[in-house]
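Step one of this worksheet: look at the structure below.
All chains are identified by letter, namely A, B, C and D, in their written order; residue positions are counted from 1 within each chain.
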Amino acid sequence: MLLELAGVSRRFGGLAAVADLSMTVAEGAIHGLIGPNGAGKSTVFNLVSGVLPVSAGAIRFRQAPITGLTPAEICRRGIARTFQATTVFREYTVRQNLLVAAQPRVNDGTLAALFRLRDYREREAAAVARTGELVSTLHLDLIADRMVAGLPHRDQKALSVGMALATGATLLLLDEPLAGLTLAETREVMDLLRTVRAGGITVLLVEHDMRAVMDLCDRITVLDHGTRIAEGTPREIQTDPAVIEAYLGAEA
Amino acid sequence: MTSVRSIACIMLVALFALAPVSSAAEKTLTIGLLGPLSGGAASYGVELLRGAEMKVDEINKAGGLKIGGDQYKLKLISYDHKAIAADAATAANKLVFQDKVKFIIGNAVGATCNAVQTVTEPQKVLFAFVCWGTKNLGPDKPYSFRSMLSQWEAAEPFYRWIKEKHPAIKRVAIISPNDTSGLDTNTAVVKAIKALGFELVAEETYERGTKDFYPLLTKMIAQKPDMIDVAAAPPGEAALLVKQARELGFKGAKGWTAGTNPFNLIEVAGKEAAEGIWSPVNINVKSDFVSPAVRKFGEEYEKRYKELPGVIAVANYAAFDVFTKSMVDAQSVEPEKVLTAITAKPHDTVWGKVVIGGKDTYGIDRQFLYPLVISEVRDGKVVDVAQTVPAALKK
Amino acid sequence: MTLNVLVQALLNGFGLAMAYVLVALGLTLIFSILEIINFAHGEFYMFGAFVTYLAFTQVKAPFVLALLAAIVVVGLAGGVAERLVFRHLRGKTLNAFIVSLGLLWVMQAVAQIIFGIQDKSVPSAFSGVLRLGGVFISIERFAVIVCATLLIVALYAFLEWTRVGRAMRAAAQDADGAALQGVNIELISALGFALGCALAGASGALLAPVLSVSPWMGALPVVKAFIIIILGGMGSLPGAVLGGLILGVVEGVGTLFFSSAAVNMLGFLMVIAILVLRPRGLVGGA
Amino acid sequence: MARSTFLGPAVTLALVAAVGVALPVLTQDSYHLDVATTVAMNLLLTMSLRLQLNTGQVNMAHISFMGIAAYASALAVTRLGLSFWIALPLAPLVAAAFAVPIGLVALRLSGPYYFLVTFAFSEVVRLVFNNFFVGLLGGASGLVDIPAPSPLLGLTFTDKPSQYWLMLMLFLLGAVVLVRLDYSRFGLLSGAIRQSELLAATLGVGVLRVKLTAFVIGAVWAGVAGAFFAHSHHVLHSSDFGLEPMVLLVAYTVIGGVGSVWGPIVGTILLTFTSEMLRELRAYETLVYGLVLILTMLFVPDGLVSIPGRLRRAWQRRRAGRADAMGVGVAA
């Protein structure tokens, strides 16, 4: 198992946003994380990426515990994430945004930078090269050198996914990458995710577009009020009574 | 084409021809002034400026100065250094190199004088100030003058007067701001107190701008002093000190060695708190001890600025007086010649007779010495009670 | 060191502490709503003092009226400053710092031009001195303690029990959250800024008769307010009161044993020590 | 960190150097040279301050590191008998020795707490200069008679022009280092932190490391300015390292524009000219200066240096607008 959550919970005062959640993500898969609004999906992302400390339980990545590490350390271990509200560096160009993400494992050795030492130059060149590849795979060539502030929302969304990829992470936590996209653009991003999976990168996907989730995901975990109510293949989830009840309210 | 050029040449020649003809050309002598004109110490700076403006207008109204066949009108340029040493140096540079002044008459707040002197001394610019640091005068600073009696001239005669007139006073507590002039005043007063056999029971300093003195006064009053000397505290803070001391039950005598403006003190502290405070350095423009000239100056100043002058305004007025008279005596505006004229003989000024002395304290005669008038506040009025004449003046 | 002197030192410490707490409360209220530190907060304190000066000298108004005038006028000025300038700077720490610095210079310069450079006294409604055994306190100062405490209690009541007060506290906790609950953030931040300045103005009005007025009187109280909100924790009313008392005792008693410079330094060293141990201040408010 | 300056870093730096070198040729007037020397010193102070302000918080301790180095250098020369040319590199290291611990404390805090702890530190340093170790530091009357830099390779540094050249060289050395840093990975990361610290952290940027480096490098270059200041002014007083000079440096940097390494240069030069021009206005000087600060921050929040960038982006948007209308989208 690539990622394991064991009895993880997070309380804000009395409210338990995530309560005793255990789940696992297999390597190389696209793993869906779905549930009604306020089910605790974004909180899970904040816990795994180290932005929020857990109240209880443990998180293991490649069998090594990562609970308590800083977001930067977790990123260097190989977990990158995007945010529900697409956050990018608005005063930088697209290329600069990718470049910031492109070298998490490089120590930002200022002295090396100052005297342009050889290994600094090599790593800098490698980063620039990687950025170039990403710009083309993400079809961002036309706007690569435009200030992000002026770009339309969909380009910024594509860029935020690109930045997660640029870190060289092996596990991506994508928070609603399809929100607000047209049909054509949704298909486009789904293709991108498939190529990402083909490249051996695991994706934990929070998404409300059920058709896309069912189409893309190998396995799905369903959250409601912070606890896991179901986990399985897309087909199993579609027929699971607990899921239907959570989504459609107690019908019968 | 050529005709235009030739006409231009003729005009040029004519212009040059005219120039030497007029003999008594009208000239302007620029004099510089520096000081804190904003911020907490602004009262010093503004008084310096007003004293200077009064004398400059007086001279210009009387037609200016007749020196070496020319008639000089005076022009005053003043800059605000906000009591920051680096600013004072920059302002001094502007006066000396941009405005080409050879005389800077007026500066206040100790540390800024050191900074200005790094500019004026090498450039041989005559510099008169009221800064109180001991290091401001010395043989290595021949072009620097102090135009007001400092604590070194006032403390000893003041405490000698107290010893004679009020023998009951034995235990003295003193307090000053913790800046250059404050600390130097404390040193001078402590020297005088010890020399005259008083007992120093407390020596305190406070951060300039403090208003609530209850904590410090409680500590001082606990030592049971017979007298509290608010030494170098500016008028506003000295008023709060005496007012709060009275509130804390202190009934003893009150002194103010560096009292620059008792009228402001009375206004802020109120009559009861200010009652009986002695100060040796201030000048009471309304009292009968002083010459009619001072009384006239006080009236003109009050008419013009709606406030009574403090001693700093009178000091700078007198400094301008001495400098301009010396220029006329030397019939030159060259600093070297004016310097010798200033130190040559005593001068008649608004203070009365002024001698340039102070060699025994500073190693060089650059301190304005004039009669020391000790005043006392009685029922809200400043009354002069004694006058001592510095030894140098007796000769 | 007799008991009398020690009690007097403690009383000195508490004496004006509550007035400085008012300044600190104003500063922390403005910070929690607009997330900026108003560097010119001391100048609103000075503004309040000059309003009282005018009320007493020109109009011979009674004490309470002069205090109310200061609170209203300075509050209005605060509201105008928020509407014209500060509302564009929410959360922009650097820009807000420069703008408040500019405002500080403008207000000091205007005060110097209008009122001149000499310190002025404000006639006091209370005269005479209270003597309890060997310990003294002027009735004027006693009035400051009483009024300041009453104002603090009034502020606490306002924030706890009135609708506008609760909306302000909500906005202070989380501006976006409050907006979702229908709180009119624009109005509340204007009112909050006005109230913050009014608190400083009230403190200035109370202290004017005790400490005299000058255009530069605002510099020291705002530094004391900084220390108080660190001791008490940013954004917490009880914390500010606690911070004010601690600073008062340190200055009152400390001066008996150390020089004034050392006591000043002690205040700043406490700030550094607390921020190292508890980054949100002692009580660790909002 | 707006990389897209018109002329590229090297050319812009050369332009600034050219202006600096040309100045003493144009005017030998000591006042002009004195102001120019002060401007060059302030440029070094603001460019090094910007490094730290660029991470988004107001550091009030910058002037204290200048002061610590100034006193250290003065004492090294007057008490230890070292030559100025040994004290010059040593003094900034003394400043850095103070900057590391204070930086570690301050940088764990954010927003107002960071401002307050650096302000508290700067007041402690000022009070020490003014009231403590008076025998060593000169106390309230200041440390006086600090000698000018001793001759080097036959050159003397006692008059205005030579001191201007020395400061210009120190500034240009600092500018080269700071610009190289800014155009390197370090500059990219500190700009990213300013825009969104959380995003930078989740992308693997060691936020505390970058901030501490900016803080200490800033202190080192402030130290260089301090060492020069001590030996060119010959007098040191606590008022030179208090609140007033510090807030001026922050104003120069933010008005100029924190987002670009060129911001402080624009801010320092323009505002120094303004205050020299206003010198005659006395009480009105602070009034006008205050209004200049308020209006600039309201109408040009990103600082004067952002104006050309904003104009170009507006022009670009108008051009791009037309492009979108023609269907040249991104991923089509």
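Please note the rule applied: a contact is a pair of C-beta atoms (placed from the backbone, for glycine too) under 8 Å apart; a residue touches a chain by one contact, two chains touch by 3 or more.
Since the structure is predicted, the reported quantities are computational estimates derived from the model, not experimental observations.
Novice: Would you mind checking which chain's C-alpha centre is most distant from the centre of chain C?
Specialist: So the chain farthest away from chain C turns out to be A.
Novice: For chain A versus chain C, what separation do you get between their C-alpha means, in angstrom?
Specialist: Whole-Å distance between the two chain centres: 47.
Novice: Can you give the whole-Å distance between the Cα centres of chain A and chain B?
Specialist: 74
Novice: Can you check how far apart chain C and chain D are, centre to centre, with Cα atoms defining each centre and the answer in Å?
Specialist: Their C-alpha centroids are separated by 33 Å.
Novice: Go ahead and note the Å separation of the Cα centroids belonging to chain B and chain C.
Specialist: Those two chain centres are 37 Å apart.
Novice: Would you give the residues of chain D that are in contact with at least 2 other chains, written as numbers and ranges?
Specialist: 130-131, 283, 285-286
Novice: At least two other chains touched by the same residue of chain A: list those residues.
Specialist: Where chain A is concerned, no single residue meets two or more other chains.
Novice: Could you check chain B for residues that touch two or more other chains and list them?
Specialist: 38, 178, 205
Novice: Go ahead and list every pair of chains that touch.
Specialist: A-D, B-C, B-D, C-D
Novice: State the interface residues of chain B toward chain C in the complex, per the touch definition above.
Specialist: It is residues 38-40, 42-43, 46, 178, 204-207, 209-212, 214-216, 218-219, 222, 235-237, 239-240, 244, 247-249, 264, 267-270, 307 of chain B that touch chain C.
Novice: So in the complex, the part of chain D that touches chain A is made up of which residues?
Specialist: Interface residues on chain D, with respect to chain A: 1-4, 177, 180-181, 184-186, 188-189, 191-192, 195-196, 198-207, 209-210, 213, 217, 259, 313, 316-317, 320, 328, 330-332.
Novice: Chain D touches which residues of chain B in the complex?
Specialist: Within the complex, chain B touches chain D at residues 37-38, 78-80, 82-86, 89-91, 93-94, 96-98, 110-111, 114-115, 118, 133, 135, 178-180, 182-184, 205.
Novice: Going by the contact rule at the top, pick out the chain C residues touching chain B in the complex.
Specialist: Residues of chain C touching chain B: 1-2, 5, 8-9, 12-13, 15-16, 108-109, 112, 116-121, 129, 131, 136-138, 141, 207, 210-212, 214, 216-217, 219-220, 251-252, 254-256, 259-261, 263-264.
Novice: Considering only the defined contacts, which chain A positions touch chain D in the complex?
Specialist: So the residues of chain A in touch with chain D come to 49, 51, 70-72, 75-76, 80-81, 83, 87-93, 96, 99-101, 103-108, 110, 113-114, 116, 120, 124, 139-140, 142-143, 145-147, 149-150, 152, 154-155, 158, 163, 167, 184-185, 188.
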